[in-house]
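Two complexes follow with chain A in common, the first pairing it with chain B and the second with chain C.
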Partner chain A sequence: MRTWLVLFRKEWLELLRSYRLIWLPISFLVLGVSQPITAYFLPDILASSGGLPEDVVRSIPLPNASEVMAGSLQQFGTIGLLLLALSSMGAVSNERASGTAAMILVKPVSYLSFITAKWASILAISWLSFAAGYVASWYYTVTLFGSVGGPSVIAGLLYFGLWLSFVGTLALLFSSLLSSPAAAAFGSLALAALLQVAASSLPFEQPWNPGRLSQLAAGGLDAALSDGGSAWLTVAVTATAIAAALYLAARSLQGHSRS
Partner chain B sequence: MALLTVERLVKTFGDVRAVDGVGFQVDEGRCIALLGPNGAGKTTTIRMLTGLLRPTSGEIRMEGVAPGQDYRGWIGYLPQSPAFYGWMTGREYLIHAGRLCGLSAKEAARRSSELLERVGIGAAGKRRIAGYSGGMKQRLGLAQALIHRPKLLVLDEPVSALDPIGRREVMSLLGELKAETTVLFSTHVLHDAEELCDDVLIMRSGRIAVGGPLERIREQDRKPVLTLETEGDAGSRSWLEGWLRRLPDGIEASSRTASGVRLAARDLDAARSAVLRELAEADVRVAKLEIGQTTLEDLFMKAVGNP
Partner chain C sequence: MENISDSQLLSLLIPVIVAELVLMVTALVVLVRAERTRGPKYMWALIILLGNLLGSIAFFIFGRRSD
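Moving on to the complex of A and B:
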């Protein structure tokens, strides 16, 4: 446990020294704030640009608060996810290629600790950034559009946070399986997109599909987006998949660490 | 008492048998040099000893450690090209390494300051490693290998990145360490190995060509050798030409350069007086005359030279 804390402290320090601990939360903050603000001012923007007749502009309905929050989640799920994947794509492969991993793994350090310390730091930065952006989005939404239900906001935070954690774990797994960081980022994002598309477009129920998580988060906020299925199996499968990915990543370090 | 026993160690990469049935023992308190040409399998062997690479087959046993149990805490390892987190300072890295080996925060900090001084980069300890030179990294690598007072110190070419002065410093440091712990190091500098080690292992294409205590190997290969170097002027050269053609009985040339020759003799004393007499008579401009037994270089050449 003490070694684990030492490893985690190193990861945290690296996040800080590489400024990721600053620019990632700021990016999420910007994403979170921009959604309610643009939604609020959209009619004005359209009117002042003069491209549309007045009555058309006036007939554009102002979205309700829940729809705006759901829109923010969509931003986090695309650009935010991309940023997180880019920031963790080299977590293991870079250390392997440069040889720093070998310097650490000859010490009495368990492979699982090495991986889970990285994983915990990815989760920490993901949750921190997402929470910052989400809370900011919530604040502006409430200010500009009126209140949103507290429980559904918290459920949204938890489901979506779990989704980000799942994709972050995939990035870590691919980063330990593949030597190219770009391939790791692409692999994790592609798999995430695939699961998401499957969850929303295949004609049968998939209560096990982690790709449903973002839908669950949005569905709590905006009933129109809900698929009505239950959540517990999705959460359980996601947690199991995360544990399995960590185990696999640790296994891949053993024995055939290169260079 | 053997601290480390290696038996029938094999590592294959696809078709390449990088290490092909290596076996040796490392006795406690000894200093062992692992020698061999490029690609002989030194690094591969060392990486298997440190647990970084899983052997294809064979056995590695550490004294007092049950088979299959983790002995990494007993080993200090400096890779051929050590890599660090560039964003850390040298001191931070040492503390990190020390804490991973189970030292307390206080102990790790104390050891770090001590080792930074000892390897000669005390002043750079507060600087980011990204700004270190290759030699400084090599020294930091040595310090991190020593941080937890390992029972076995494994060094892969510890001096290859150093300038001649740095090499001398690190070699004398290794000389001190030799008294404190067991050391296994690979090197291409035969002179260093000769000066420092008790045992040698000379590898060739994945196998151990020659191995054992340096003295014993020399004993077995005792063959008096004379090395003669002239200044290379015309007179000396033509004398050398002529003399080599009428070498006295019991002396033969084993290799020669433009200005010098290496001679093997049956009877060293007889050969010595013959050569000295000849040199005085012909008034040769001698630059160097070495009369002694086989050097490690001779042994090395013999072991790996001609297949």
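Moving on to the complex of A and C:
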């Protein structure tokens, strides 16, 4: 446990040194706030940019508060996910390339604790950034559009946080499987997109699909987006997948350093 | 939905602008203090200044060299 804490502190320092602890939360903050603000000003923007007749502009309905919140979740799901994957794409492969990993792993440190320390730091930065952006978006939505139900907002936070954790874990896994950071980012994003598309477009029920998580988060806020399925299996499968991915990442690191 | 006065709107917009400025200034400070960057420094300065939020983010992701 003590060695794990040492490793985690190293990862935390790395977050600070790479300035991720500054730019990721700020990016998420601006991302989360921009959705309610643009939704609020959309009629004005359309009116001043011209081209549309005035009665058309007036007939565009303002979205309600929960739709705006679901909209900012969508922003986090695309741009936010991209930022997180890009920021953690080199987590293992860079250290292997620079020799840091070898230097640490000659000491009596298990591969699994090396990986889980990295994983914990990725999770910490993801949850921190997402929570900052989400709470800011909530505050702006409530101020500009009116109140949103508290329980559904918190459920949205938890489901979507789990989804981000899942994709972050995928990035870590691919980073230890592949030597190229770009391939790791692409692999994790592609797999995440694939799961998400499968969850929303295949005609049969997929209560096991982690790609449903973002839908669950948005569906709690905006009933029109809900697919009405139960969440427990999704959460359980995602947690199992995360654990399996961590084990696999540690095994792959072991294989690489033996050869 | 109640109408919102101009001063209230301003107080909502200012935090966003401050957050973007903080990010931009941090990126510029990091750029100036960095020994080496991927590509010329003046190019990154332009990207950060003109590219707003995305420019700063791009610098943090792609511009820095860790060694």
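Assume the second predicted complex is superposed on the first by the 256 of 259 C-alpha atoms of A that agree within 3 Å, B and C clash if a C-alpha of one lies under 4 Å from a C-alpha of the other, contacts with A are read in each partner's own complex, and residues count from 1 in each chain.
Here, contacts are C-beta pairs under 8 Å (C-beta built on N, C-alpha and C of every residue); 3 or more make two chains touch, one makes a residue touch a chain.
Just so it is clear, the model here is predicted, and its values are computed rather than measured.
**Student:** Quick check on the chain A-based superposition: chain B and chain C, clash or fit?
**Tutor:** Fit: chain B and chain C sit side by side once superposed on chain A.
**Student:** For the superposed three-chain arrangement, provide the angle chain B-chain A-chain C between C-alpha centres, rounded in steps of 10 degrees.
**Tutor:** One gets 80 degrees for this angle.
**Student:** Applying the document's definition of touch, where does A:S98 land relative to chain B and chain C: first, second, both, or neither?
**Tutor:** Both partners, chain B and chain C.
**Student:** With the two structures laid over each other on chain A, which partner does A:K107 touch: chain B (first), chain C (second), both, or neither?
**Tutor:** The answer is first: A:K107 touches chain B but not chain C.
**Student:** Can A:S18 be said to touch chain B (first), chain C (second), both, or neither?
**Tutor:** In the superposition, A:S18 touches chain B and chain C alike.
**Student:** Touch test for A:A239: chain B only (first), chain C only (second), both, or neither?
**Tutor:** neither
**Student:** Per the contact definition in the header, classify A:A193: touching chain B only (first), chain C only (second), both, or neither.
**Tutor:** It touches nothing on chain B or chain C.
**Student:** Once the structures are superposed on A, label A:A131 by its partner contacts, choosing first (chain B), second (chain C), both or neither.
**Tutor:** neither
**Student:** Of the two partner chains, chain B (first) and chain C (second), which one does A:L46 touch, if any: first, second, both, or neither?
**Tutor:** neither
**Student:** I'd like to know which partner A:A155 touches here: chain B for first, chain C for second, both or neither.
**Tutor:** neither
**Student:** Would you give the minimum C-alpha distance from chain B to chain C, in Å, for the three-chain superposition?
**Tutor:** For chain B and chain C in the superposition, the minimum C-alpha gap reads 6 Å.
**Student:** Both chain B and chain C contact which residues of chain A?
**Tutor:** Residues 18, 98, which sit in both footprints.
**Student:** State the interface residues of chain B toward chain A in the complex, per the touch definition above.
**Tutor:** Counting only chain B, the residues touching chain A are 50-54, 70, 72-73, 75, 77, 79, 81-85, 87-88, 96-97, 99-102, 141, 144.
**Student:** For the complex, which residues does chain A have touching chain B?
**Tutor:** 2-3, 6-7, 10, 13-14, 17-18, 98-100, 102-109, 254-257
**Student:** Write out the stretch or stretches of chain C touching chain A in their complex.
**Tutor:** These residues of chain C touch chain A: 1, 4, 12-13, 15-16, 19-20, 22-23, 26-27, 30, 53, 56-57, 60-61, 64, 66-67.
**Student:** Could you list, by residue number, the parts of chain A that touch chain C in their complex?
**Tutor:** Against chain C, chain A makes touches at 18-20, 22-23, 26-27, 29-30, 33-34, 37, 62, 83, 86-87, 94, 98, 140, 143-146.
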